[in-house]
Each structure stands twice: as C-alpha cells, then as structure tokens.
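Next, two complexes with chain A in common: one pairs it with chain B, the other with chain C.
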Partner chain A sequence: MTTRTNALSEKQFGLWTFILSECVIFSAYFVIFMLYRMHDAEGFRSAQTQLSPAFGMLNTIVLLTSSWQIALSVQGARSGMHAAAARRAIITLGLGVVFILSKLTEWTRESRSGHTFGTNDFFSFYFFLTGIHLVHVFIGFAFIAAAIRNLRGDEASAESIEAAATYWHMVDFLWVVIFALLYVAG
Partner chain B sequence: MEKTLEGRLFQVWLILSAVTLVTWFLGVERRMANVQISAVVTYCALLLAVVKVRVIFVEFMEARRVSKTLLSLLDIWLLLLAAALMAIYALKLEMPPV
Partner chain C sequence: MTSVVAENDSARPSSLFDRLAWHWRSNPKIDLWIAWWGMLIFYILFGVIFVLMTHVIPPPSPAWSTEQIIQWFGEHRDGIRYGFSLTFLITGMAALCNAIIGYSMWRMSISKAFPIAYIILYSLSAIPGMLFCAILFTVGALRPERDPALIVWLYEAAMLTFVGTMGVFLLGTLVWLIAVLIDKNRVLPPWFGYLNICNLLTEVVVAPAWTARRGAFSWSGSITFWVDVAVFGVYTAAFIAVLRRMVEREDFGSGPLTD
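Our next item is the complex of A and B:
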C-alpha cells in the first residue's frame, strides 16, 4: 500500500503509548462488566432486552463510516490534496455529531422508560461505558478540529490528520467491543 | 490519492459494515433463543468483534506500516481481552460481592 517506516517518531510514540494505555483501561472496564454479568446473568439478560439493538447497530455503522472517511482524509493529505482531505475530515466530524445525537436520543429513550444509572447493575454499566466512550468522542473532535485547521493553513501536512485519525480509529474499535458486549452478547 | 487504495478502503468499510449487520442480526435472534443458543451467539459476537477490531488495526490504523512491534502489541492486547471475556463467560466466573 505505502512505504514502510522503521522507527516511530517521538510524537507517534507518545500517541501510540496513550492508545495502548487506553486499551488496558477499557479492558479493565470490559472484564469487570463481564464478571458482574456472570454474577447476575438472568438480571443482565432481562435488562439488556430493554435496549434497542438497532441503535447499537446504527451507531456502529456511523462510526465505521466516519473511520473510513478519516482514513481517506489521511490518504488525501499524503497525496498533497489538502482541501479534499479537510473536506473528508469535516464529514468525519459530521458523522461524529450524528453519533452523539443518536446516543443522546437513546439515553433520553431509556430515561423516559425509567432506566437510569441507578436502576440496576446492567444500566449502571450501560450509562458508564457509553458515557466514558462519548467523552472520547469529544476528545476526538478536538484532534480532528486541530487537523482541519492545519490542513487549511499555509503549512499543511499529513502529520496532524494522521494523529487525529489514529485516535479516531481507537474510538471506533472501542465502540465495536462495547456494541458486542452491551447489545448482543448474552 | 491512488484509486486502488481508495477502492480498498471502501471494501474494508463495506466488509466491516456487513459484519456489523450480521452481529446485529445475531443479537436480535438471541433475544428469542434459549440459554444454549444464547451462549453460541455470545461467542460469535465476541469473535466477530475481534475480527473487526483486527481489521481496523491493519487497514484503517495502518499499524503494520507504523511498526511490526506495535501491531504485535495490539494483537496481544486483543487476544488477551477476548480470551479473558470468553473464559469468564465459559467458566461462569463472578465478581465477588463488594
């Protein structure tokens, strides 16, 4: 696809160290979730039926699409097509907004049905995991906004959008696991 | 931008989306199934999630291009996580009461 690089730059090393540490932290959340699920398997199964799998599926497709768009943005920036790369990054931001609106709609729906953070262990995990993930979506917005600014500036380079994309893909793959655990696995 | 690369990224997105639809379908079906089928769906959902995350590592994050060691570290994390989740499920391990 593209030429291989042998050594990580200092910035890349810092970013990947951060991403790997996020992986470890989220692993702990996922493992604790599973341990609690096995403690009250029937209760979790019953609570899970209150969630709409369609919301989980649509959110996953939206995030995957945003990941695809930012991957295209990176390729555009590497080819020197900075304006096109910025447009792809803006589309990514737009899809991120769609994800947030969908999540807020789902939370509102659950709250109106009487399911809140304190309802039971399943909903505590549901609001915690989706909430902490949403915080990462907002952090991703800051990365992408900075990259768009760079792409529109006089000293545009691919470095900024590459970093933003790497972070955004992490947001995406963490959601892939959350979708499987909260909406599908039983 | 190379057209072939653009096409490859589109194919990757298409495959990931298709796998997501399969996962969703499994989740819908599981709700009407018994405990044994539910367990099979759970393992399938976790395995499909592992496949999707691995594809994101390689195709979207270009982890192999950045560093082979990095891809190995990500793979180890992914395998350990999947193994831990499946072992907890299979062995019915519980969180001790706090």
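Our next item is the complex of A and C:
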C-alpha cells in the first residue's frame, strides 16, 4: 500500500513538474512576443486587425466547454461513476477535435488572405503560438485517451482522469493567454 | 526478481590513487561508472568546443553579410580548426552517452526494442547534428582565400545542420519518454519522463529556423535558439543527475530498483 501511494505521489509530482515547466517555457514565449510587440506596436496592431475575432472566440468557447466537460468527468470518476466519466472524457476529446478543425480552417483562411509564417513578425508569432499550442492539444489527447482506457478497464480509478484534466486545464489556460495576446490586446 | 550486488563502501581505500585502483579491480559497477563519467566529460568537452573554441554557440546571425561571415571565419579560424579536430577525437564518447541511456531502458520492465531503437536513432542523429556541422565549418576555415560565395554556402549549411536538425533527435526523445513513463521498475523518476516532453517540444520549436533569416525564429533567435538551449541545458543536467542516481541504485537484478 505504501509503495502504491509513493508511486502515485511520484507520478503527480512528475505531472506538476511538467506543467510548471511548460508554463515557464510559454511565459518566455509570451515575454518575447511582448518585447517584439513593444518594438513594433503599430505593425502588430495593424496585423492583428487582419485576424478574425470570431474564430478566436469560437476556439475559446470550445476549449472552455471542453474543460468544463473534463471537470465533470473527474467529478464522475471520484463518485465511482466510471462509465459516465468516460463519456464526458470522450466529449472532451470531441471538443478538442472541433478546436483543431476550427484552427485548421482559420489557418487556411489566413493563408488564402496572403498571411503566412513569413509575412511579418506578428504572423510569425501567430502561427508559432497557435501551432505549438496545437501540439499541446494533441499531447492532451494522449492523456485523455489513456484516462478513457483506464475508466473502461477493470481497475478504473479517478487518478488517470485527474492527471488528464490537470493537463487539459493547462492547455485551456495557455489558450486563454494566447487569445488575449493575439486577438484582444490592443 | 533478483538483487545481486551493491558497492562495498567499507572496503574502499582513502587515498585517491588507491581508491581509483580499488574501483578498477573491485567495483562491480565499474563499466557503468566509466559510461557515466564518459558522458559527463563528453558534454563538458562539447560545451568547451562549441562555446569557447569555435564560437558556434551562441550562433552567429543568419542575416549577416558576406563580409561579416568572412570576418567571423577569420577571427575564429584557429578555434574552428583545433576545436573541431578535437570534436572528431571525442565523437566516440557519444557512444558512452547512448550506452548508459540505453542501459537505463534495458533495466526497465519494457521491451528491449526501446533501448535498441534509442541507440540507433541517437547514433544516426549525431551525424547531421554534430559531425556535418564540424566538417562544413572546418572546410570553411581551412582556406581563407576560397571564393566568398562558397564560404557563405558553407556557413549557412553548417549552421542549418547544427541548429536545424534537432528534429532528428525527436523520435529518440519520444522513445525514452515512453519508456520512463511505462516502466514499472522505477529505474528513472516519472518527473524525468515528463521533462522529456519539454525537450521533445524544443525539437519541434526549432523547425522555423529553416525559413526565418531574422528575428525570434531564425537559427540564432530568442525562441528557436535561446529558449531551446535553456530547456536543453536543464534537461541535460537532469538526465546526467538521474542516470548517476540510477547507477548508485543499480543492483543488477531484474525487478524494481530500490532507493
């Protein structure tokens, strides 16, 4: 029993180390973005108006809803309702897919409008930040898929979905900051 | 599950020379320690060569003019030639790094395909990631009278192969990451498994270096180079530390390692 508790603590410690490391790395990206923005405030403001705030809002709503679903999944798993928790986790995955499709549509739209990675500094940051965030969404899929597998298995517990939810909330939080920096900050 | 040996601390002599002789004759982990020290010395020499001797780290700018590139080669001609000749002398030590990392996976409760895949991937990755760059820079520094257009070509090819090919390490990092996270023998701590994800992501982030000639995403940029190198520095220090701990804990058994 002691070994099991220690092993779980180690895993949780590992996950939190990872999440804090990712937050530090993203903070560095955000600071660098702000420095470039300060250096060319007018250029960034002008390029920002080319983005579609509707897509930004849609992405934000989809991710916030997915975070709500995974929180409900954790609640279900803690109450022992593993099947219901697995269903909520699948909905979270589905919303993640919607987010990805929405992002791909937005990128296609921007490319067709002549805005690519090399257009200017703003669009370099736009494609980079949204792109690296998308990679994190895919990593989140791996966490959630592992949690669903656990919830459907014979040794179902809340730990796996709790880990997935912790990571997914970080992905959500990072998106909110990216949304604010790219779409909103004037 | 078997637990076979531990280092016998009480039998160790006190003087440095005698202690080394004792380790050579009696320490059952001598091969692991040689690999670990070889890895440490390799990374120290790698830093000295690339930072202090050849000045390839921090990387010079991709936006430089032909004159600036020629001047840079002129200023660092001796450092590049002597530094990279040393690189070829120590290249074999990279095998010790791969060996001890491969050993860590060999000791885990996972398929042996993991260490084999890792060793193959990282052995191949060293070719574009270190050796091509060393050859191209050395050729550039060898004849200052060479056509400037060729010098620029060598400079750009060398920098792209040095910074831009980090992606080839990606799959190797992924193999180690999965191995640590699914291992039940507790050979390496889970936090280190997760730290592999951070390192893996830096290998994705470096991709824009192929397209940007200036700014944060160029090969010398704040994101593509500086953030990545900071993460890689922490990651390298971490794996050197956790591998040392693994060697200390090694009992040559087949079950979980104890603390």
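Criterion: the second predicted complex is superposed on the first by the 178 of 186 C-alpha atoms of A that agree within 3 Å, B and C clash if a C-alpha of one lies under 4 Å from a C-alpha of the other, contacts with A are read in each partner's own complex, and residues count from 1 in each chain.
Here, a residue touches a chain if its C-beta (ideal position, glycine included) is under 8 Å from a C-beta of that chain, and two chains touch if they have at least 3 such contacts.
Since the structure is predicted, the reported quantities are computational estimates derived from the model, not experimental observations.
In the three-chain model built by superposing on chain A, chain B fits alongside chain C with no clash. By the touch criterion defined above, A:H169 lies against chain B but remains apart from chain C after alignment on the C-alpha atoms of chain A. Of the two partner chains, chain C is the only one that A:I139 touches; chain B does not reach it. After overlaying the two complexes on the shared chain, residue contacts for A:A54 are found with chain B alone; chain C is out of touch. Ranking chain B and chain C by residues of chain A touched puts B first.
Looking at the shared chain after the overlay, A:G114 reaches neither chain B nor chain C.
Angle at the C-alpha centre of chain A formed with the centres of chain B and chain C, after superposition on chain A: 110°, rounded to the nearest 10.
In the superposed model, A:F179 lies in contact with chain B only, and not with chain C. Of the two partner chains, chain C is the only one that A:Y29 touches; chain B does not reach it.
In the superposition on chain A, contact is made by A:F18 with chain C only, not with chain B.
Think of it this way: put the two complexes on top of each other by chain A, and the tightest Cα contact between chain B and chain C is 6 Å. Shared contact residues of chain A with chain B and chain C: 7, 32, 36. Looking at the complex, you find that chain A touches chain B at residues 1-2, 4-8, 12, 16, 20, 23-24, 27, 30-32, 34-36, 38-39, 41, 45, 49, 53-54, 56-57, 60-61, 64-65, 67-68, 71-72, 75-76, 78-79, 81, 84, 165-166, 169-170, 172-173, 176-177, 179-181, 183-186.
Within the complex formed with chain A, the chain B residues making contact are 1-2, 5-6, 8-10, 12-13, 16-17, 20-21, 23-24, 26-28, 30-31, 38, 41-42, 45-46, 48-49, 52-53, 56-57, 59-62, 65-67, 70, 73-74, 77, 80-81, 84-85, 88-89, 92-95. By the touch criterion given at the top, residues 7, 10-11, 13-15, 17-18, 21-22, 25, 28-29, 32, 36, 117-118, 121, 124-125, 128, 132, 135, 139 of chain A touch chain C in their complex. The part of chain C that touches chain A in the complex is made up of residues 186, 189-195, 197-198, 201, 204-205, 208, 211-212, 215-217, 222-223, 227, 230-231.
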